[in-house]
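In what follows, a single structure is set out as structure tokens and then discussed.
For clarity, chains are labelled A, B, C and D in written order, and residue numbers in each chain start from 1.
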Amino acid sequence: MEERRRLSILITPSAIFMLVLFVLPLLIMVVYTFRQGSFGPTSRIFTLAHYHDFLSDRALQGLLWRSVVQSFWISLISVCLAYPVAYHLSFQAGERKMTLLTIIIVTAWVSFLLRILAWKVLLGGSGAIASLAQSLGLSEEGMPFLIYSQEAVNLTLIYVWIPFVALPIFAGLERIDPSLHEAAYDLGCSRPEAFVRVTLPLSLPGVVAGFLFVFIPTVGEYVTPSLVGGTTGVMFGNIVRDQFVRALNWPLGSLMSLAMLIVVLIPLVIAARLFKFSDLAGL
Amino acid sequence: MKLQAFVSRSVLFVLLGMFLVSCGGGQAEGDGKLTILEWSGYEATENPDFFGPFVEKYGETFGDKLDYIFFAEDAEAYAKIQTDVAADLVHPCNSWWQLYVDNGLVQEIDTTKLSNWSHVNPALAAMGQFDGKQYFVPWDWGYESMLVRTDLVPEVPTSWADLWDPQYAGHIALWDSGEANYAMTALAFGIDPWNTTPEDDEFIKQKLIELKPNVLTYWSDYTEAYDLPQTGDAWIVVNAWQDAYANADSSGYAVEYVQPAEKRLGWVCGFGISPNTADLDLAYEYIDASIADSSMAALANTYWYGPSNTNALADIDPYVVEFMELDQAASIQERTSFYRPITEEQRQIRTGIWDEVKVSQ
Amino acid sequence: MAEVAVELKDVSKVFPAGRGAQRVTAVNAMNLQIWRGEFFTFLGPSGCGKTTTLRMIAGFENPTAGEITIAGEPMTDVPANKRPVNTVFQNYALFPHLNVGQNVGFGLKIKRVAAPERERRVKEALELVRMGGYENRRTTQLSGGQQQRIALARALVNEPTVLLLDEPLGALDLKLRKEVQLELKQLQSQLGITFIYVTHDQEEALTMSDRIAVMQDGVIQQMGAPREIYESPANRFVADFIGETNFLNGRLSQTTPAYRLTVAENEIAVKPPETAVSLNQAVTLAIRPEKINLYPVGTVADLQAQGTTAAELRRLFQGNIPTANSTVGDYLQGEGLVALPGTVVESIYIGTDIRYQVKLPNGESLIVRVQNLSGRYDTRFKVGDAVYAVWQPHEAQILTS
Amino acid sequence: MELRNRFSLGSLYYWLVALFLYLPILLLIVFSFNDSTNLRFPLTGFTLRWYQELFGAGELLKSLWNSIWVGLWSSLAATVLGTMAAIAINRFEFPGKNIFIGISALPLVIPSVVIGVALLILYRQVFDVELSLLTVGLGHVVINIPIVLLIVSSRLAGFPANMEEAAMDLGASFWGAQLQVILPMSLPALVAAFLTAFTTSFDEYAMSVFVVGTNATLPVYMYSQLRFPRRIPIVVALGALIMVGSVVMIFVSERLRRAGEAK
């Protein structure tokens, strides 16, 4: 039938692409969780040992949980900080909004790595903020301020994510019919009330999308913690990465990734049930 | 709003960009090329001095003979080789060499094809031998020790064991490497890092956990190892390489590169040839060029790394010679505990220990 | 015999049950012929299948059964883009990324009409809808009425055999709507194109159409000229949907020599029904509010005593003023009019008319519209007044369904 | 008056956030002219040395070129594939639709290091293909498809349902309607999707590092440069150039837009 042909032309390329380059590797990853070693003869031995190891490692599970909680707060704060930006762009910036949005987005074109290095300069012992803190008596001489800690990880990640959160929230706000605000004023709402009762609920899908945009990758984050996290900022992603690139324990790494995947999927499924898929899309 | 116009112009921009890029982006694959799995910074295209004879022989177009796949950690290189990434030459460090040999990832080297082989330090060359056959050509080597800001520490540590002293609380930077920390801790507590028992593993783990209050952060790349002491954030960078010292010293900081009572750690890296290499002669030419006297001198002068070629001394900066104790080649091993090959299992244990240390609160 | 522009033969459309939706028969075995040059309207409440019918003619939906032909050609395998029809959409569906001229020229461009010719025809089409000179405007800068005209021009410029209009005036305000109604009608007669129009607005349908098909539940309830539909609704649904209608429950009490009906505790004369009705059958009597007149109760003398002027009396009794002591009821009976006694329970002044609600003895009530003319007695009833609701027997209609 | 106040408050906040975002970048620009290999205060003097060295840093520029190349084509491919899928999702009902959406969104959820390793195994052990910019790009397409799908499908969902019908009614075929109406109408979303995809690809490290062949992408090369602190200022200079370049581009296009509007 004509409709079916159209559908298959549209969907087949991406379906095949995702099947071969994503689903297949993912299945390979699942297979790996049952292998004893990463390569060579040991990789052909079937074992549940990694499952046993992981499930009995309370400390590791604790770290996963702490990383999830940490990501939750990072996402929440990013959303709170980005929301007014998106609001300003959508309702107040007028025709300059696309330009202003782009100004925010292109900061991501400077390598993440370089921006983190710059933060280290700002936050480090001889950095600007340390000097300021020192002169205010908040910090002793030469002490790095705010760096090598979980707080530094949080700050840096929030910095990195703001543009990416602003985008879906902006998109969510853009979809709100301005007459709805007028209706709210008309019904006697003050401006803050109109915001709380009309704008905020209507923009919620965008907010949730923005939250997830941050939350999901943050749970698996490892670069930032390794650069500014010190001993307290270690996240689950660091340990996962270690399995892949240092220990070369791909089976355990795959298993830990799966665990992370499941933890991350739970809020996603909840969000998908609460909101329509397209509302979550952003833009 | 003329968004459409803006957007269509942007699209035009992009298409134009793609057109320009596609004109310049293509590369041709040719025969008679070497693909080298290499740390970045050693590539001949950036440092032709490191491969003098090779560059001389092939002139300006020598770069066309070489392709590089870069890696940042030995594990990454090993993983790539294990997943059949096609490389003709590989440049791992010696704790990994055994794995390459056992898994048939390198072929025996016919040292007679290397004109400069006779200049290679026999002690280092011996490390590249397995079952009496030469599999690796040692090229560069170096130390791992403590880099100390002498003006900030109350007292300069003299041994690895001193790191556990509370006076350094919050000012030590450890390398984010399970293997290195394991070895360092073993040395500190009189354990032979290359011959350990499960009890040793547990002991070392506990010691590392005990060390955590003294630790400011884990450094994972070399820029951090340079930066940490210079900003003063860290007073002691553990397992720092000597070039970090060189950089800090030449930048005018009061630093010392400690000779710990328990010996420094030492590493050696070298070239191995893949069994699948198509152009074996070219591979030998490349390796031979790398261990030529002039090449090795250039390497030492640039990075402060030890050359495997003992003949290169003459052209090396005397300061480097003195610091690296290159003129006392025979006695280096007495003061240095060189890394030794470890098995895959040991590696996982050591990384596992380190992960547990990091996870512990 | 006029040419057939569009024909539907046994056309049905069934939407299968889906997630959260039940199986729906949107159009049920419809047979229909629409003449060339006709202004044909599908009229019905939302969900009656009128839009589905239109979409099948346009080619957006395929009939589940039956066949549609346009200008004699079967359309079963002809996709929407190959059909000689064009549509004016309810929301206009103007392309926001194109300006007015580009929107109107879209169809011509698809047909690869050369640029100069295209420009000329776009200009003509825009002038036709009185939007000449708007070529370079953005569609978003236009008012609703203007957008509607552009949508019309965009369809007409392709010179379709049939123009389909899907509630095109729904978004316009009342005044504008009336204006555009007339324009559309004029345009249609001027161009001679077959218009198939879908609306739920009976007034719109009556104003513009040559013929109307009143639909409910996927079935045409009645099809005919506006007057026919209005004056002789085929069933209760049509009567109710088209204009305002009073329905009284009745029982047929006599069929020969004349039909008589018992309603509201009275036996009244009634014209023969269109369909066969047997004696004692329960039926519905339909009567339009404007067909009913109200008469006061009492004698002529009573009326005079209340200060009714001679002129008013003359008007009330159509010039034949009865004697002073004869009652109004006698007069009405004598005239052969139907007269049901009742009480005014509501009186609303709506400018052109007075709208009364009259309660009948059995509790049923009638809506009566009286034109607001000076010198009419019946414009001044008050709530509580006893009245006769009066009509000519042929004005009311017996409906059996 | 109240409106004006509110406007400037929002504006003030916007520029504060922008400042926050640009602060490290401005710092990088400053350091790119600083006569020291160390990114550290105090500044030691003005130099153009890093820019001079940048233009001689063949491998770095090559990796930049590679990244632009991979970014452009992988984003384009992801935009094309993702848009087609988005149209399908928006336009059709089909069995397995939710599974398709779920799987397509999944790459957003999986740490890219995992995708990288999985792809490496796939390429080398299953398909036995050489690692190259192509293999990197394909990986980027995988992580960019969900981004495009999300952005474009939400835009499509916002359209009146009958735009496609209107086009077909006017004689366009199904594909003609997609090309001449649906795509142009979605253009802002397509551009946003492309930009986001490019931005992601351009800074992708965790996955790329596994599937990169002999041609490194910029992030991969830059991370490897961390071993050589004296090379860092060159990289910083490159970052500064990229930033200044992009900002200039924004202002030029804003000017163009305004000029277009004035007409």
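In this section, a residue touches a chain if its C-beta (ideal position, glycine included) is under 8 Å from a C-beta of that chain, and two chains touch if they have at least 3 such contacts.
This structure is a prediction, so every number in the text was calculated from the model and none was measured.
Asker: Where the centre means the average of the CA atoms, what chain is farthest from chain D?
Answerer: Looking at centroid distances, C is the chain farthest away.
Asker: Return the chain pair with more inter-chain C-beta contacts, choosing between B-D and C-D.
Answerer: B-D
Asker: How far is the middle of chain B from the middle of chain D, if each middle is the mean of its Cα atoms, in Å?
Answerer: 33
Asker: How big is the gap, in whole Å, between where the Cα atoms of chain B centre and where those of chain C centre?
Answerer: Roughly 89 Å, centre to centre.
Asker: Can you work out the whole-Å distance between the CA centroids of chain C and chain D?
Answerer: Computed from C-alpha means, the inter-chain centre distance equals 58 Å.
Asker: If you average the CA atoms of chain A and of chain C, how many Å lie between those two points?
Answerer: Averaging C-alpha atoms per chain gives centres 59 Å apart.
Asker: Name the residues of chain C that each touch 2 or more other chains.
Answerer: Each of 79, 97 in chain C touches at least two other chains.
Asker: Can you list every residue of chain D that touches 2 or more other chains, as numbers and ranges?
Answerer: As it turns out, chain D has residues touching two or more other chains at 39-40, 117, 121, 174, 184, 187, 223, 226, 232, 253, 257, 261.
Asker: Two or more other chains in contact with one residue: find those residues in chain A.
Answerer: 2, 95, 117, 120, 124, 126-127, 244-245
Asker: For this structure, enumerate the chain pairs that meet the touch criterion.
Answerer: Chain pairs that touch: A-B, A-D, B-D, C-D.
Asker: Of all residues in chain B, which touch chain D in the complex?
Answerer: Those in contact with chain D are residues 1-11, 13-14, 17-18, 21-22, 24-25, 27, 35, 39-41, 43, 45-46, 67-72, 76, 79-80, 83-86, 221-224, 226-227, 230-231, 247, 251.
Asker: Could you list, by residue number, the parts of chain D that touch chain B in their complex?
Answerer: Per the touch definition, chain D meets chain B at residues 36-40, 57-59, 65-66, 68-69, 72-73, 76, 117, 120-121, 124-125, 128, 130-131, 133, 184, 187-188, 191, 194, 209-210, 212-216, 220-221, 223-232, 249, 253, 256-257, 260-261.
Asker: Along chain D, where are the residues that touch chain A in the complex?
Answerer: 6-7, 10-11, 13-14, 17-18, 20-25, 27-28, 31, 39-41, 81-82, 84-85, 87-88, 90-92, 94, 100-101, 103-115, 117-119, 121-122, 126, 138-139, 141-142, 145, 149-151, 153-155, 157-158, 174, 189, 192-193, 195-196, 199, 202-203, 205-206, 218-219, 222-223, 226, 232, 235-236, 239, 242-243, 246-247, 250, 253-254, 257, 261
Asker: Would you mind writing out the residues of chain B in touch with chain A in their complex?
Answerer: Chain B reaches chain A through residues 1, 3, 6, 73, 75-76, 78-79, 82-83, 103, 152, 176-178, 212, 215-218, 220, 223-224, 227, 231-233, 344, 347-348, 351-352, 354-356, 358-361.
Asker: Going by the contact rule at the top, pick out the chain A residues touching chain D in the complex.
Answerer: Going by the criterion above, the answer is residues 2-3, 6-7, 9-11, 13-15, 17-18, 21-26, 28-29, 32, 81-82, 84-85, 87-89, 91-93, 95-96, 99-100, 102-115, 117-122, 124, 126-128, 131, 159, 162-163, 167, 171, 175, 209, 213, 216-217, 220, 222-223, 237, 240-241, 244-245, 250, 253-254, 257, 260-261, 264-265, 268, 277-283.
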